[in-house]
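Pasting a structure here, questions to come.
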Amino acid sequence: MRVKIVGSAIPNMPWQDRPAGSQDVIWRYSNNPVIPRNLIPRANSIFNSAVVPFNGKFAGVFRCDDRARNMVIHSGKSDDGLNWTIQPDPIQLIPDNPRVAEISQFVYGYDPRVCWLDDRYYVTWCNGYHGPTIGVGYTHDFEKFYQLENAYLPFNRNGVLFPRKINGKFAMFSRPSDNGHTPFGTIFYSESPDMEHWGCHRWVMDPNTGWQSTKIGAGPIPIETSEGWLLIYHGVLTSCNGYVYSMGAALLDLDKPWQVIYRTHPYLLAPWEAYECVGDVPNVAFPCAALVDAPTGRTAVYYGAADTVTCLAFSYVDDIIEFTKKNSRV
Amino acid sequence: MRVKIVGSAIPNMPWQDRPAGSQDVIWRYSNNPVIPRNLIPRANSIFNSAVVPFNGKFAGVFRCDDRARNMVIHSGKSDDGLNWTIQPDPIQLIPDNPRVAEISQFVYGYDPRVCWLDDRYYVTWCNGYHGPTIGVGYTHDFEKFYQLENAYLPFNRNGVLFPRKINGKFAMFSRPSDNGHTPFGTIFYSESPDMEHWGCHRWVMDPNTGWQSTKIGAGPIPIETSEGWLLIYHGVLTSCNGYVYSMGAALLDLDKPWQVIYRTHPYLLAPWEAYECVGDVPNVAFPCAALVDAPTGRTAVYYGAADTVTCLAFSYVDDIIEFTKKNSRV
Amino acid sequence: MRVKIVGSAIPNMPWQDRPAGSQDVIWRYSNNPVIPRNLIPRANSIFNSAVVPFNGKFAGVFRCDDRARNMVIHSGKSDDGLNWTIQPDPIQLIPDNPRVAEISQFVYGYDPRVCWLDDRYYVTWCNGYHGPTIGVGYTHDFEKFYQLENAYLPFNRNGVLFPRKINGKFAMFSRPSDNGHTPFGTIFYSESPDMEHWGCHRWVMDPNTGWQSTKIGAGPIPIETSEGWLLIYHGVLTSCNGYVYSMGAALLDLDKPWQVIYRTHPYLLAPWEAYECVGDVPNVAFPCAALVDAPTGRTAVYYGAADTVTCLAFSYVDDIIEFTKKNSRV
Amino acid sequence: MRVKIVGSAIPNMPWQDRPAGSQDVIWRYSNNPVIPRNLIPRANSIFNSAVVPFNGKFAGVFRCDDRARNMVIHSGKSDDGLNWTIQPDPIQLIPDNPRVAEISQFVYGYDPRVCWLDDRYYVTWCNGYHGPTIGVGYTHDFEKFYQLENAYLPFNRNGVLFPRKINGKFAMFSRPSDNGHTPFGTIFYSESPDMEHWGCHRWVMDPNTGWQSTKIGAGPIPIETSEGWLLIYHGVLTSCNGYVYSMGAALLDLDKPWQVIYRTHPYLLAPWEAYECVGDVPNVAFPCAALVDAPTGRTAVYYGAADTVTCLAFSYVDDIIEFTKKNSRV
Amino acid sequence: MRVKIVGSAIPNMPWQDRPAGSQDVIWRYSNNPVIPRNLIPRANSIFNSAVVPFNGKFAGVFRCDDRARNMVIHSGKSDDGLNWTIQPDPIQLIPDNPRVAEISQFVYGYDPRVCWLDDRYYVTWCNGYHGPTIGVGYTHDFEKFYQLENAYLPFNRNGVLFPRKINGKFAMFSRPSDNGHTPFGTIFYSESPDMEHWGCHRWVMDPNTGWQSTKIGAGPIPIETSEGWLLIYHGVLTSCNGYVYSMGAALLDLDKPWQVIYRTHPYLLAPWEAYECVGDVPNVAFPCAALVDAPTGRTAVYYGAADTVTCLAFSYVDDIIEFTKKNSRV
Amino acid sequence: MRVKIVGSAIPNMPWQDRPAGSQDVIWRYSNNPVIPRNLIPRANSIFNSAVVPFNGKFAGVFRCDDRARNMVIHSGKSDDGLNWTIQPDPIQLIPDNPRVAEISQFVYGYDPRVCWLDDRYYVTWCNGYHGPTIGVGYTHDFEKFYQLENAYLPFNRNGVLFPRKINGKFAMFSRPSDNGHTPFGTIFYSESPDMEHWGCHRWVMDPNTGWQSTKIGAGPIPIETSEGWLLIYHGVLTSCNGYVYSMGAALLDLDKPWQVIYRTHPYLLAPWEAYECVGDVPNVAFPCAALVDAPTGRTAVYYGAADTVTCLAFSYVDDIIEFTKKNSRV
């Protein structure tokens, strides 16, 4: 182990060793999809979901589109990160304070992330409020969820919190968008003194070429390492038959996380398997969470496949960082 | 049986019981597709087709795109509704009267429906006449087909007749469109005293959200029940990678069928299976016909899958109506 | 006079002789615009309007967009066809029968035409009913206006009636469209036994090249002559900076008016003057009505300019027909 | 005078009485444009500019596109609000603090507003930072201008400050956009404790119909009155030949300014004059500033015309409010 | 005179001195337009035309769209370059050899340039051959015109020859396009040993910002000077209401003319006058030819205005070069 | 054997007999894909590649997109045409002469074709040079590859050489395009005296209906036969969910290959198999090379499937020609 990871041990996290003979930096779980589209009744699809360690086991917030194709988020728990019990009803957000009640009528919610920060699990998601923006809430127990003010004006997606304050302020990545199938997307960084007002917005990185030529967005909560913040992110290519979502990685300055030190020119993982290529949206691999066992660097990435099911892929933080450095074009 | 169905018994219609343990309102035929894409030589695909009881057996009009990708309609017959003999040559329409000869040069024809009405089988289809419009014809024997005047001006698709006159006039649903892959679509109702001139057009229902947010169109011939007209229809969602066609249902006023009483907020069936997700147009389930056994309410819906093959799904009229009422948003 | 015109004498119609030295087939009124945009209070613009002889004087139906930019139609009268009194309030349509009341809620109305037929003045206009379609009504006195059923399903514009029945049925031109700034448009012909149900739709002519390459639509009520029906119509060209509306003419078979005998390859009149090139929509000359003095062939075409004001241009039926024949490409 | 206006007397502000016989709520300056496109050398156009009282005279920040069509802002002064001296060089923004220096490289700036608040003149403008967003700065003397953090993430335009804190926080309107000729636009309201971090975003109003059917955005600094905040705003209609920008008004709740009490259904002023209809962008009237003489209610609105020149229009606050109330559709 | 110009004296060329007090590099002819839209009967517009010295007087090839809006080219002559006689009929191209006859059916021709080279006047134009490409021909007398092979495959526009061979080969600029109102456009350079086969294509310059951000294309025949080739070119900006065409200049390496030494960041001339802002296509100034008097450097640029009329502007080669050097961004 | 084929014997070419009972003109290799997407490390996909006989065995140039989704071409060799060794590194092009060095910086290369002509293997490919154009090079040994000048200006794709000179000049098909997912495409023919300058461009054929309604492009090197040049080409249909690429054939005049004698109305092969329907671009069958054994007419077509893998299909030249003649619509 060369890289020091800031984080906890998760000895019981899901894991499979790299298959014999594989050269891949990241490899898929052999029983993918880990969560089928119909795990709960009336679900059309369960994907783009966030998982964290919780009380020695695991908990998560799941995007469960229903069969009206409404986009809603559900809470779930698991002993092993593989077999999940997802609540049959969507999360009911409780306004944290009276002013939040002014905006708390639920319209839609999707693509959640969950971040342990200070004393609670913060949840961010794409929240419908006169357009998509970044909803913010928190939970202590994955039973009751409290809503805070939206972080930004519409239109925004893929809000991803940092797991600690940076220079005394909360920090978040996001990807400003438009109100449709946005054909552009750049990652920005913002700061907040109070998790309510956000500012000091900084440009982080643009889409550039190939698999990440149309748009990019932050994926799991950034992983703090001695080499910098490790960010796994998605990138989109536009073929003549639509978008293709793949995943890559970047290393960011620890103190100025809007400064990119390394960034993968090739992708880490792209839609190759049938469950990634066929479904409600063909050709999507979309990472939203990563479990990292700090002592070993074992990493389990949860990603949505084909906007239909939830999958797992494994790697080591060291391997991802080494690959990122060796194959970098910033 | 709570719902009274106006119709005949079809004791020999295709049928499979709901699979053990299934909660689905509608379930697929285990040997789908019932009609493969190459049942007849030189066919590229056979889908979006209409089936009716005929002389104690079954007959139908089939969309059989050829390998030039011309869109044409063929006649076919079957003893059991499962094993079909489709004529190798397209239907040759015979002008019903001299004026029809002015417009009878065939350009293209697709997505037929067949409706027993009074003394004959009326056929409606999307007919190429300086743009897509609703062609109208009839047959007595599925051998000779006679053409009438087009019902409407272009651009129109999905013309679906009622199986009896309403308030003394013929009645038809249709979905005005444009001349391409129309990104909008609303169901309208029209009346005719003579099956030649149409008027008294009434708005029925618009697309709204989720699976039916882009456009909707009538599917099989409406089923008359004591609860109202049961209309199975298709709805389209636009993902970043194209259209997704699913099916739902609505209950309409018996005397004023343009008045919607109930309408499914969730879909009844969406493209989940490989034969619905992969083919000439991925992610399409498009219903065009339903056989209903009036005494039992057994229903067999014929639907096109992936614009490539023809499939079957089964349900009970009672179950569909109950689901529609319980899950309605008009 | 070589051409025989079926119509009345209108000795008091507006008129100016062709300017000395002019070679133009059609020439503008020297005091254009004849109706300014603000003739009535709260009008934003008055254009694309229809004028007819009435009781020895003149009456008309006028598109008067208000300052919310609502599109409404007003009634107006004039002694000389030049100086107009337009009612300050929009026309209130009275349902002709109870069923019309089902659709008579006014949404918007624009681009009216007026046609004396049998015993009354029929009005057709672009009527908002879940999209633009052809509204139909009538008046005896330009005070009370009665509404009939819409002629067609949406989406349609530029419905223009014939001044007499053709082969025993009412006849109308229209231009099927989509629900926006339609980039296509073909003229069709339809028939009705009762001014309520329409059918026997026939294709008339497509856009082709140059000034009429994007779309075309019928203008004034067709003029019956010994050479055929004379139709003045608009055509649209799409420049890199938007649409340009010009006017041309065609001669149609008297008995089968969907058969085009001659059609102007050049335009008759295009936007050259400041009041045609500058306004709410630059570069528009849009004819909606023509007064014809049958004995002399004098013709006064009312046309909207720049979607802002109403203008007049003069010609002789003989000259237009001669020009059409000499410069024809069907 | 029925309405109480919170503000100062500006006895020397530009003024012309309503022309005799005019019924218009707002009337144009007879010598428009008040600032020609080439007032300073190398200017292509001077428009969409902000004017305030300053030391008994007037000062402003002006959008002066240069002849490369770069969008930059200049400072200017005037004794009478009519005759202006604009600095030949663009404003050089001085970072207010070291962190602002991280983002202070100037890319482009346009459509400024100026707001006296507490002890200084705040300037907001559309600022290029990896897309358009809301730049914020201040000046004491219109000589030196200091830059603060951008208020929001891209993409945003038309940031307009309130002239006092609301419930203890700074308040701003803005209009989230995309990165092109945005075909949508809604007014939002945001709050800031420190003019650096913004949150508590509230939806204010959407585009609806007619002249304001495509997008709307705040114009001059809101005017505080006993009837509520008076907001003059622009609205955009999309004709087949492009956008048309007009101006209207709304009255907002004094304590919850995101709540609209009244809103003009018709426009106040639309492009009718040649200098509004012809220029770099035809058919634009775009208000950015208003001088109000509190004792009399006299109002002078500065607006850009055709994206080319700066114009003036006059009215009384009372008249605008009365018109807004009488012609309101919220 | 500091710059040496390779060329002839044209003592009788059109000329007006720079207006007193003007700082403009280039100034308009006071009697613009020099050629009205209707100089010849049946012309809709005369613009984007090419003029050269001819036998001590002047001759040219003119784009004269007719009133069908067909795009054709006519020959014309003038004693003074101001008063023109244009042939009433379009140029009839004579195939130079039998193989050219295979492609010589005329479809459309527009935006001609004329270049004296060796012993004849070469004409290049946008030629319709299954899409727009660069037609090539020549004349000795402006009476008979001979056609050669098209220089390139479609789609291409704005082919502009050099007035002498470069390194032993013919040389031409062009701007590859698509088949519509192309929203991109870069200048390329090509070489030919025989005026029939072209190759050695070199990229010259892209659109960049402001007035030249959408596309650029070569204008008049390049002017050879001791400072390099002086190229006057057009650039296009896309406003929300369409394209704006302005003109600028560049200096290119004499031996490697694809290498840009200087390029104007600001424009030289943009549409400011009514005849440039109002017409068939608003906001167009499009240069196609320049007369240069070598001894004095006097330059008369012929440019199309609003795609409607032909105009003149004057300058000195020295002034343009000085401006280009001082205001350059390559 | 009725058709005489100009070419060599390739007794060891890949071959499988037509499956028993098959009526298909062309049939797939039973072990498709013949080249998997990951045959070489770091390849994302290997498709749209060209194969030729070489020294009694086989060699080829392969499109191997890497995992950054860069498009590059690799050299490869095979004993049997089925099992391939592809070089792990992309081809490094050596400028053939100093002027080529001006343009030889590699940007991207894809969709190669290889043609034995005179004394060497010419390679053409889609070459990135300020847009896609046709790169030209050659090799003697598939080790060293030399680059010549690009054949055309951008934008162009699918450059396919003839295997001998036509009337004394080199000849090439190409398909002019735009700079994106071009929605149009016509085959043109060009000639060159020196493989450097190209001219005498001739239109060959347009897209028309059905499977070839959006665009068409040449595939393998044309096969010379006694019936004319046999061209296998791709055609594209646009469904509501994107492009579908199929293949067809045409027979062209031997001396004037731009003259089409026969052309298949139906396709020869369309995407039916899973490996053609699922992958980076669903629904693609794209032929780039054909091995033909002249004595027997055995033909092996290499085609890319789903822009992911390389496949094989077999037929006889005689059968393709017979099918083309019997099913022709020119």
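Each chain carries a letter (A, B, C, D, E and F) given by its place in the written order, and its residues are counted from 1.
Operating definition for what follows: a residue touches a chain if its C-beta (ideal position, glycine included) is under 8 Å from a C-beta of that chain, and two chains touch if they have at least 3 such contacts.
Which chain is which protein? Per UniProt: A, B, C, D, E, F = Glycosidase PH1107-related.
Note that this is a predicted model, so its numbers are computed, not measured.
K.L.:
Using the contact definition given at the top, which chains are in touch with both chain B (Glycosidase PH1107-related) and chain C (Glycosidase PH1107-related)?
P.N.:
Common neighbours, chain B (Glycosidase PH1107-related)/chain C (Glycosidase PH1107-related): none found.
K.L.:
Using only Cα atoms to place each chain's centre, name the chain farthest from chain D (Glycosidase PH1107-related).
P.N.:
The most remote chain is F.
K.L.:
Under the over-half criterion for shared residue numbers, do copies chain C (Glycosidase PH1107-related) and chain D (Glycosidase PH1107-related) use the same patch or different patches to meet?
P.N.:
different
K.L.:
With chain centres defined as C-alpha means, what is the inter-centre distance between chain C (Glycosidase PH1107-related) and chain F (Glycosidase PH1107-related) in Å?
P.N.:
55
K.L.:
Using Cα averages as centroids, what's the distance between chain A (Glycosidase PH1107-related) and chain B (Glycosidase PH1107-related) in whole Å?
P.N.:
Measuring from centre to centre gives 42 Å for this pair.
K.L.:
Please tell me the distance, in whole Å, between the geometric centres of chain D (Glycosidase PH1107-related) and chain E (Glycosidase PH1107-related) computed from their C-alpha atoms.
P.N.:
The computed centroid separation for chain D (Glycosidase PH1107-related) versus chain E (Glycosidase PH1107-related) comes out at 42 Å.
K.L.:
Please output the residue numbers of chain B (Glycosidase PH1107-related) that touch at least 2 other chains, ranges allowed.
P.N.:
241-242, 278, 282-283
K.L.:
Could you run through all the chain pairs that touch each other?
P.N.:
Touch list across chains, by label: A-B, A-D, A-F, B-C, B-F, C-D, C-E, D-E, E-F.
K.L.:
Can you name the residues of chain E (Glycosidase PH1107-related) that touch chain F (Glycosidase PH1107-related) in the complex?
P.N.:
Going through chain E (Glycosidase PH1107-related), the ones touching chain F (Glycosidase PH1107-related) are 99, 102-103, 129-131, 133, 149-156, 174, 176, 178-179, 184, 186, 188, 190-194, 196-203, 206.
K.L.:
Taking the complex as given, what residues does chain D (Glycosidase PH1107-related) use to touch chain C (Glycosidase PH1107-related)?
P.N.:
23, 209-211, 213, 237-242, 244, 265-267, 270, 272, 274, 277-278, 282-283
K.L.:
Of all residues in chain D (Glycosidase PH1107-related), which touch chain E (Glycosidase PH1107-related) in the complex?
P.N.:
Where chain D (Glycosidase PH1107-related) meets chain E (Glycosidase PH1107-related), its residues are 37, 41-42, 44, 66-70, 181, 241-243, 278-283, 307.
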